[in-house]
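Below, each structure is written out as structure tokens.
One chain, chain A, links the two complexes that follow: it is found with chain B in the first and with chain C in the second.
So, the complex of A and B:
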């Protein structure tokens, strides 16, 4: 049966992609789930991370995976700046205004990239991308494997940091009850700025990991941005672990689903899942409900 | 009597708008004016649902694309008269909007917005994949509604659509429906508790808004004479509809008209200099509007006038007002 033959390959590809989705979802979970800011510019930040990596590889001859060390911090600082200058002003505004503001921000980032790099599809060449590892009938691209493990490492590292560090405690306190946290001496302004910066740094890191395995073009983030919401919603709002699991689930659903609906409608699966979860399981698959 | 008086100015304005092609013959400017009217219609359509009823949809490209594709497919595959295609587009917009409403109106706040976005995106992907009907990314050549080289008939058609849309908004604002819409926008639970059928009125706003979007979509397809999913079903269409209304003034009758005029002129101005930069400008304008002019251009002006009138009234003295009211 042909369908069954495809299954192991799609399962493995889905899992590998899931690692990167997890990283994207976790970044949005910090901003949307934890800080309650509806950020539609998440995909655009991912795109900025991809182009940063592209420039590093093409002009400085850097290894794309070392790009994380540069694009992560750049996005961290950019994120904090944007939070201080723009997002902070609407932190308490209606969700509608937050959405519209981040849509505007995303348009600015995407179209700046379009002016700088044109709309052409670009790709970086690495030795990993041409190395293929075969196990039985399943073949895996080395670049995908490296990206997967780095993504998992970053996600786990972030989780531990949030659970063990002083900052992590302050961040969790702020997300639970901002006023109580403030009374307990937490500098919530700094926490919110850092959390936004961190969320963007994760988007940047995910962008760097995607660059060796994906094409880049200015609107590349649009799809990932909306999918990131799917991951966060799947995982249950406000849960970083949930968002990571949501990312893996979505990637698996897409790669297994495309056996049935075809490659072209692969992206529609994510949106379809998104709507179904919102309608029938709004508390998410892995989380508790948040008001 | 006062009702008739109230109508004089709007009717004069409408006649003036319709008379424009008699004065302006330059095809470039006629094209720009047609684009302004297209976005006026779309922004006004969005405004009824997003501005008055407060349901921020970022998926209106679904209805615009439906109108465009219905005309294109019926004309090229079945050889229908394009006018019949427009009529069918209008008819289909009703069930499609009710279907989308039945899903998205169960969602609230940001989830409603994301839900509308997701549904429109699914439709775009389906249109891309369903090549036997839509030609996919290759697109469809659409027959023109009006023969001849003159742009004027196109102008009159879309001017009529815009006038009906703005006129309808004007009427809605002055009637019970408008008050219900506003009540739902301001506080849905309270609106529900005083007996307003909130779902029913939200659906009404959506249907009106969808029908106007579909007509405009069909017109636009025939005006461009070519469509493909990324032109008529893409996220930028939905975004621009919202942006036109927000920059002009959400929940005001002429806000979208002001927004469309400003944005189309700005984009013509910038398009000449840098090719794609007009979307960059839109993004900056949108951010500036949210941060500094949350009421939009017209909304802010109206608020200023109201404040000034209130201040003047207070200055004239309460006693004077009281005496005047008594007499």
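So, the complex of A and C:
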């Protein structure tokens, strides 16, 4: 009875948080799922996105959501640079090499942030985050709602872009068979660079959406980086929509699971669901079984 | 080819485990690790140099005192806790100048011999050894973290050097049977009893919820709070641990709200304290009292815009010291501190300031720098509430000072001392106005 009363709020909370999880997962899905690069720096990219948003809001007075239009391109270019200078060298190397390199990259980014901003935590305050919408017993923070819809819009937009555009076709071709794509005249180098840039821009966008409702400090990405991998595999490797749904599933599992066990075990619930999926549907919830 | 991701994931988990171990040490966002650094005290090897404990007493009678009286200080000047070492040094500095300007101790100026423990237990041990055997100080004050302070106190005990603890809060520092260790601040277990005593005195609640960070810090306060509350007849209707750093506490607060407690006790650092209060407002959760056990609920940032801001209003917290407490000199110290350093002093600075005044009192009663005489004088200390800015000093047989803890309430964006009444600057506002009643 009492448990049922908590259900609507937890459902809404989980769903709204899931929107942001989805965006984080989608960014990694492009790099890890599609391009097959184990990117352990994804959490750090998210952090870079958050600090960029913080600077834009605090020093230029930009709205955090409009800030995506600035921070997105900045991170896109930064991502392409990182791909060209660093990632490209290990694009075909073993996963171990990729892990070592991206962990190193993540350390550099985190420690640079610590140098520039110190370990102090910061937050931005917006009128959105102060506005609360109540429907019955359920309360929603306006900032969460906006972030949710923007996350959904970006995910859908990206999906359509990948499915309909010339670049999308090239990207999918590259992920399926890099040599065949090359033979068909796809500029594989450019595709990989752009995909990595897009992945970083998406992490940045997720960071921008997270900043108004969370706080930031240099190691903030650690939590989300690990979860992003869970989302990608949960949803099905290689599927952008799968990663988004994986994100929502994970957030809902964490949120609803708390009705029965404590908040302290919420991460355990998420990983429990993850293990179940791997056991019974190893290709992921929304992935196609591959040959 | 497609086997790759699974193998990668296995590798990934392994790497993350490793990275997690190394990473956690540096992960101290903000001033979150402020009070009660209970942490891993005791884990540092207690086996100090077992050899010659031949205390080399600089037996000097009053007639042949040195030109300057050297006092040993150990604190964290570098490393992860350097921020708090800085707070320590600022308190020492102000007290040192005041004492020497007023004629010093026994007619001699005080001099501080400062050793840096670099926030590490092993350095704290060697610092204590150095001060005991080379500098030959009559007493040592140190250090910041409990992890570093415990082995330093054990080393000082080996060399029979009196050792004053200004900040470290782990209970076991005064529990290892040393005659030489004297602690000024309250141990961490006192936070729980202060919270419950305040509630029974001022609120008399029937029900209570305890929400705590599921770490050593959280449970070491939450568990005694639960036992004491139940002993006092308060029914604990919710006892919920949480994983720190979660972006969304709403499911947790929804659960606690459903239990409808009179009082909510949060044991949280700053980051979570901020989100817990913000999301409690969003969920329109209105207990009669929000109270914190120090930490996040008594850091200066909490009441400012970069913390919970106006959501912090009316929250109570147990704390060690405030700038408005009715102990003589506290206000003046806060003003001087702010003038010099541009920030409000935290209790760490007040503790070290008071520690030097304790030293002055002790040395003057001992009349010499003989370590045994100093130890005897320390044990016999009986300083009234206005003797130091940190209140009265009187040690029990374990060397623990009976420091009266305070309860503050955020009123108009400031921490105001509201309990116990003899040290209060204002009356508590009870019950807490509901969120919709607030401006």
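The rule we apply is simple: the second predicted complex is superposed on the first by the 277 of 291 C-alpha atoms of A that agree within 3 Å, B and C clash if a C-alpha of one lies under 4 Å from a C-alpha of the other, contacts with A are read in each partner's own complex, and residues count from 1 in each chain.
Everything below uses one rule, namely that contacts are C-beta pairs under 8 Å (C-beta built on N, C-alpha and C of every residue); 3 or more make two chains touch, one makes a residue touch a chain.
This structure is a prediction, so every number in the text was calculated from the model and none was measured.
Undergrad: Touch test for A:214: chain B only (first), chain C only (second), both, or neither?
TA: A:214 contacts chain C only, not chain B.
Undergrad: Classify the contacts of A:101 with the two partner chains as first (chain B alone), second (chain C alone), both, or neither.
TA: Only chain B is touched by A:101; chain C is not.
Undergrad: Which partner, chain B or chain C, is in contact with more residues of chain A?
TA: The partner with more contacted residues on chain A is C.
Undergrad: By the touch definition at the top of the document, which applies to A:164: first (chain B), second (chain C), both, or neither?
TA: The answer is neither, since A:164 touches no partner chain.
Undergrad: Does chain B (first) or chain C (second) touch A:38, or do both, or does neither?
TA: Touch status of A:38: both partners.
Undergrad: Return first, second, both or neither, reflecting whether A:120 touches chain B, chain C, both chains, or no partner chain.
TA: Only chain C is touched by A:120; chain B is not.
Undergrad: Looking at the overlay, what does A:281 touch: chain B (first), chain C (second), both, or neither?
TA: neither
Undergrad: Kindly classify A:262 by the partners it touches after superposition: chain B alone (first), chain C alone (second), both, or neither?
TA: In the superposition, A:262 contacts both chain B and chain C.
Undergrad: On the A-aligned overlay, A:222 touches which partner chain: chain B = first, chain C = second, or both, or neither?
TA: Once the two structures are laid over each other on A, A:222 reaches both partners.
Undergrad: Kindly list the residues of chain A that each of chain B and chain C touches, one partner per complex.
TA: 38, 95-96, 98-99, 103, 114, 119, 222, 226, 229, 233, 262, 264-265, 267, 282
Undergrad: List the residues on chain A that touch chain C in their complex, please.
TA: Chain A reaches chain C through residues 2, 5-6, 9-10, 13-14, 17, 20, 32-33, 36, 38, 40, 95-96, 98-99, 103, 114, 119-123, 125, 129, 132, 134, 139-141, 210, 213-215, 217-220, 222-223, 226, 229, 233, 237, 255, 258-259, 262-267, 282, 290.
Undergrad: State the interface residues of chain A toward chain B in the complex, per the touch definition above.
TA: For chain A paired with chain B, touching residues are 38, 86, 89-90, 95-101, 103-108, 110-112, 114-115, 119, 222, 226, 229, 233, 262, 264-265, 267-268, 271-272, 274-275, 278-279, 282.
Undergrad: Residues of chain C touching chain A in their complex?
TA: Residues in contact with chain A: 2, 4-9, 11-12, 15-16, 19, 23, 26-32, 214, 240-243, 245-252, 254-255, 258, 270-271, 274-275, 278, 281-284, 305-306, 309.
Undergrad: Mind listing the chain B positions that touch chain A in their complex?
TA: Answer in residue numbers: 56, 58, 103, 106-107, 109-111, 113-115, 117-119, 121-122, 125-126, 128-129, 235, 239, 242, 246, 274, 276-277, 279-280, 282-287, 290-291, 294.
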